[in-house]
Amino acid sequence: MKRFNLLLVALVVCVSLASPALAADTIKLGVAGPHSGDLAPYGIPAMKAAQLVVKKINANGGVLGKQVELLIQDDQCKPEIATNTATKLVTQGADVVLGHICSGATKAALGIYKDAKIPVMSPSATNPGLTQSGDYPNFYRTIASDDMQAKLAVNFAIDKLGAKKVAVLHDKGDYGKGFAEFAKKFLDESSKVKVVLFEGITPGAMDYSSIVQKIRRAKADVLIFGGYHPEASKLVAQMKRKRMKTAFLSDDGVKDVSFIKVAGAAAEGAYMTGPRDLSSIPLNAAATAEFKAAYGEDPGAFFKEGYSAALALLNAIQKAGSTDYAAVTKALQTQYVDTPVGKIKFDGKGDAEGVGFSVYQVKGGKFVELK
Amino acid sequence: MKNIKQSLAVSLWFIFLTFPLMVVKVNTSDQLVQWRWMNILWIGLATFVLSFVWRYALARKEARQMAAQSGQDEQDKPSRIQALLEDQSLRYKAMIALLIFALAFPWVFDTYQSTIMISALIYVVLGLGLNITVGLAGLLDLGYVAFFAVGAYSYALLNHHFGLGFWTILPVGGILSCLFGVILGFPILRLRGDYLAIVTLGFGMIIKVVLENWSDFSFGPSGIANIDKPGLFGLKMDIAASTTYIYYIMIGLVVLTIIVTARLKNSRIGRAWIALREDEIACVAMGIDMARTKLSAYALGAFWAGMVGVMFAAKTTFINPASFTFMESAIILSIVVLGGMGSILGVILGAMILILLPEYLRAFSEYRMIIFGAAMVVMMIFRPQGIISNVRQKYEFKGLKEKSENV
Amino acid sequence: MEYFIELFLGGLTRGSIYALIALGYTMVYGIIQLINFAHGEIYMIGAFVAYIVCGVLTIYGFHGVSILIIAGLLAIVYSCAYGYTLEKVAYRPLRNAPRLSPLISAIGMSIFLQNYVLLAQTPDFLPFPALIPDFEFMEPIAHIIGSPELVILVTTLVTMIMLTVLIKYTKIGKAMRATQQDMSMARLVGINVDRVISTTFVIGSALAAIGGVLVASYIGQVNFYIGFIAGVKAFTAAVLGGIGSVPGAVLGGLVLGLTESFAAGYISSDYEDVFAFGLLVLILILRPSGILGRATKQKV
Amino acid sequence: MSDTTKRTLLEVKGLTMDFGGLRAVDSIDLTVSEGEIAALIGPNGAGKTTFFNCVTGIYTPTDGDILIHPKDKPTRRVNGSKPNMVTTLGMARTFQNIRLFPDMTVLENVMIGRHCRTKTGLTGAILRGKAARKEEQEIVESSYTLLEKVGLGEFANEYSKNLPYGAQRRLEIARAMATEPFLLLLDEPAAGMNPQETADLDALICRIRDVEKIAILLIEHDMKLVMNISDTIHVMEYGKKIATGTPQQIKDNPKVIEAYLGEETEA
């Protein structure tokens, strides 16, 4: 009999764990992304952005007269966990979701939000298919997609750098390989340049000396790299050590202060694409100042995109007058909103109009926008 | 007094050990050093207390071992849990209660709980599958996740290209995985123990690299999205309904796995596997074909991973190579070892604990992995046979019973 | 031809680092038949300690060579301390446990140490200062082999020689070899087996720390995760060469490094890891106990 | 029953085994006939166990022929056959350093021996059809009968690692017998046994020959046992065979006395 009692206790515990918090009358903003583990630096700034926005809006009376409640869920950037977190957010009654961060996790989770009719806005998922495939009508983002970046990078390489031979490398990852494949496609379309090398490097490998030698042998004058800053800083450092003059051109994943910190002098002169410089937008400066005041350090990756997404989502609910899916969708697509990434609204596919990329160069240890 | 001195020494040693990493934090770009002196105090206190616990636990373990050595009977005496398990009538009652609980689950709890439970059940099947290879046949496999990937990709690709449905692919995925197991098994038949471990680890990594690079075949690192969920006569289901549906399929799959592995364990084939694990040379000398036995263990272990891989792809509706890392293999292996090698119930418990606990410990999400690692070590030291150790089937005979009762 | 030489030297550099770490695996395995999965983390901790020490010293105004020496020494000291503690805490209580238990304990320890560094420091990549200066005389051939590569090769060579002397001629070396041959026999002739095992861990850790500092200053970054990948590769190298054999580990490291370098250089780096593990499988099929491993006929 | 009427079961001709440069077994000829207990003796390191390992397929001999003549089946040469083939063909063995399956029960150890004489496959095991259940029942019963024969019936459900030493040796014999051999090769079956246990073993071996009709080839150092039960004795030294004969002949053979017994008196 004792055993059955035990079972009963277990049951009760489970039930109490499971029963959702008593639903108060609030607007629920879900936030999902990697908040633990090695990818946390990409997810936490957006989460903090959402907290700042919500705090401010609640202090000003909330949305539609209701307080905004944050539901924060960690997906570790893993697709299988993302589906669980998505389900959790749906069962907790999220009205809109800010997230996810990684494209893979976003793709996995979107189906669930789609069925539940919840608009989702990512500050960072740049995979072109997310908007262009038409599979995810409920998806929006405050960042431009990879193919735009690749197009810009390729045009820059051809027109400004006068590239004749280009080597294209990637880190075999979702983001990097996607970018590199687009770059290769656009390069192949142009008759002025030749792709002399297209290869994946192994992230985390001890060194890249063979591949660097290979670039040198191919006599490439520009190297386009798709990937993140750790590999990029290894590559530029080794290229410098081999006394190579090949120009280094990369993507937004590299446009991170860590790249300059880690690669140091070797980073000088490197080019990368990144979201347009927004420091002239007053809201951007204000948001950054807000973050600094709250946490005492510079905001990290995807902070302003996250801030913008939170503003855009809540603004759409305000404008729509309800959390109804159709109304919010309409508001997102028709109403302009002022955000740190500019005055934006969203097109029918979910990409933000008015968000774009520029090319940057590292000069004197800083990213300088090239006009 | 001696204990205190010893613990003091231990905590001093750990303060020394953790000093650079716990106390100092440099910011080279801003030329700043952050000294976190408070951490010394915490480390010192924690290790001081822990060293007492540690010593006490070790002493208890040793005492138990001594007792076991001096009197053989002591060792044979099954633990209280095991005694409970052997009680047939109770076992049936418990099984029925558990089954009712499992079947009622999606109606009692919300959809989120069901999704979590599906994840856990997926790992139960993975654990039981690996249990055949590692627990029964003793072939250490550090790349088991490769077979999981084969199953997941067979469904994703066949569904994407040919629109084949879940129920068609479920067995196909298993069989493909099985074939893969045999193909990989052949070259490594001759290898023993730790050599096998590194080669299987290599295979796991190779599969991932191939999936990442061979874009024309696998769609590369961006993965495959919009995989169909399992269908039920073309009914359209919302999330809650389809989650419940998948949950029941998973329960079915788990029950099937349990029945099959339990039957195999006490069959001619299962005994051959165990014999192979216990002593390879004696095993072949008793007329057992080693190649065949090893391959069958490999293939069968792979089969379940393939099946559940199909399930995984259908549940997440999106897969990419990033889901099939060494960490997954390590977690599945831990499930088997922590649960108790060879013991079906143990593996089930192991999977539930390792997968569900972190879900409910989200508050500590930052510390999840460090706790996980520490738990593995502590568990191995104080209970190396796992939560539930394997018990062999007992046979009854006319005549024997009376005899043993008289003794 | 120049390209070949470049690839060869690159492979040799990478291979010698593999060899340094592989030695730790092989020595430990030789004595207690344990795959010390956490060995890669020791290497990482070595690099991290060096990073911290360098940072502190630079900020407090030390210069050049003095930083190199102090950071290197402290990295070795701390790696050894971690290696020693690791053995005492996670492996010693498992000396007589079933074979898989210490392996799981090792995997657990590896996860623990990675996350310990992640939490205590940062998940970010950190810049590691270039401790090795660019030598003037290397400048003409800098595009073929740089100063850091040269330093790595020379240091590895010196370390190997020292290790050989230690194993061959010192008392503890002899005790190590005796324990490797037959632990219970060694115990009977009065060798303190526990101490020998501890020493083996300490020596292995020291080698890993040397590797860690060299690599970190060569590629200029550290991160909590570098140990895992390096560890897996080094372990592959140890098995390739014949686990348990000291010259085997060195040979295995070099073979693996060269294979990767040539495969990436002449074929494609897409499948770098596939080549590495493919080579391993191939060699194990031909020689089930590795290149230099002794084929141990099981006694029947 | 005179020697001429007995059928030869095992015929070894010129068996040679080299390990590197070392010749462990040097052109040995040996035959074992139906109903015979043959013993292989010799000082330590004479190559007896290596000889066993060659015959049972664990080593592939460098040179020579190993022929077996099973009843009602054609003669076969088994050089280089895998151990499991040799066992399936009808020669089963025990080991010098006991090799039981420690974490299996005593009964299960014997049931393993039945493996090569039964055939339930994976599907059978999973579906547990009628044939599979019947065969399983047969395995359990015949294994239990064998256990009773070696006097271990009451330990059937114990773990084999918990058996006393002498019982473990007897269990190994039962396990080998479960493979239905026509020839049983015993590697030092009496090692480590006390006099009482040795006497029991003596009786058991004779019973196996007489009742079960299984011929026996054994390696043994216990001279009393060897002399008691053997029909033929072969003596090896430094890999070579130096004598063959009845116990009496061997006892009187000066070469043997010098090589083997001489050594023993010195010891």
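We call the chains A, B, C and D, going by the order they appear; numbering starts again at 1 in every chain.
One rule holds for everything that comes next: a contact is a pair of C-beta atoms (placed from the backbone, for glycine too) under 8 Å apart; a residue touches a chain by one contact, two chains touch by 3 or more.
Everything numeric here is computed off the predicted structure, so don't read it as measured data.
Set side by side, the interfaces B-C and B-D show unequal numbers of C-beta pairs in contact, with more at B-C. In terms of the distance between Cα centroids, chain D is separated most widely from A.
Centre to centre, using the average C-alpha position, chain B and chain C are separated by 29 Å.
If you average the CA atoms of chain C and of chain D, the two centres end up 48 Å from each other. Once the centre of each chain is set as its mean CA position, chain B and chain D turn out to be 41 Å apart.
Centre-to-centre, using mean CA coordinates, chain A is 72 Å away from chain D.
Counting partners per residue, chain B has 28-29, 209, 213, 281, 366, 369 as the residues that reach two or more other chains.
Contact with two or more other chains is made by residues 37, 172, 200, 261 of chain A.
In chain D, the positions touching at least two other chains are 58, 95. Per the touch definition, chain B reaches chain C in the complex via residues 13-14, 16-18, 20-22, 24-29, 31-33, 58, 61, 134, 140, 187-188, 190-195, 197-199, 201-203, 205-206, 209-210, 213, 281, 326, 330, 333-334, 337-338, 341, 366-367, 369-370, 372-377, 380-381, 384-385. The residues of chain C lying in touch with chain B in their complex are 29, 33, 35, 45, 48-49, 51-53, 55-56, 58-59, 74, 78, 81-82, 85, 89-90, 93-94, 97-105, 107-117, 119-122, 126-127, 129, 232, 235-236, 239, 243, 270-271, 273-274, 276-278, 280-281, 284-285, 288-289, 298, 300. Within the complex formed with chain D, the chain B residues making contact are 72, 75-76, 260, 263-264, 267-272, 274-275, 278-279, 281-290, 296, 300, 390, 392-395, 397, 400, 403-404, 407. By the touch criterion given at the top, residues 28-29, 84, 90, 94, 97, 101, 108-113, 115-116, 119, 209, 212-213, 215, 220-223, 225-226, 238-239, 243, 312, 315-320, 322-323, 359-360, 362, 365-366, 368-369 of chain B touch chain A in their complex. Of all residues in chain C, only 3, 6-7, 10-11, 13-14, 17-18, 118, 123-127, 142-143, 146, 148, 215, 218-221, 223-226, 229-230, 233, 260-262, 264-265, 268-270, 272-273 touch chain A in the complex they form.
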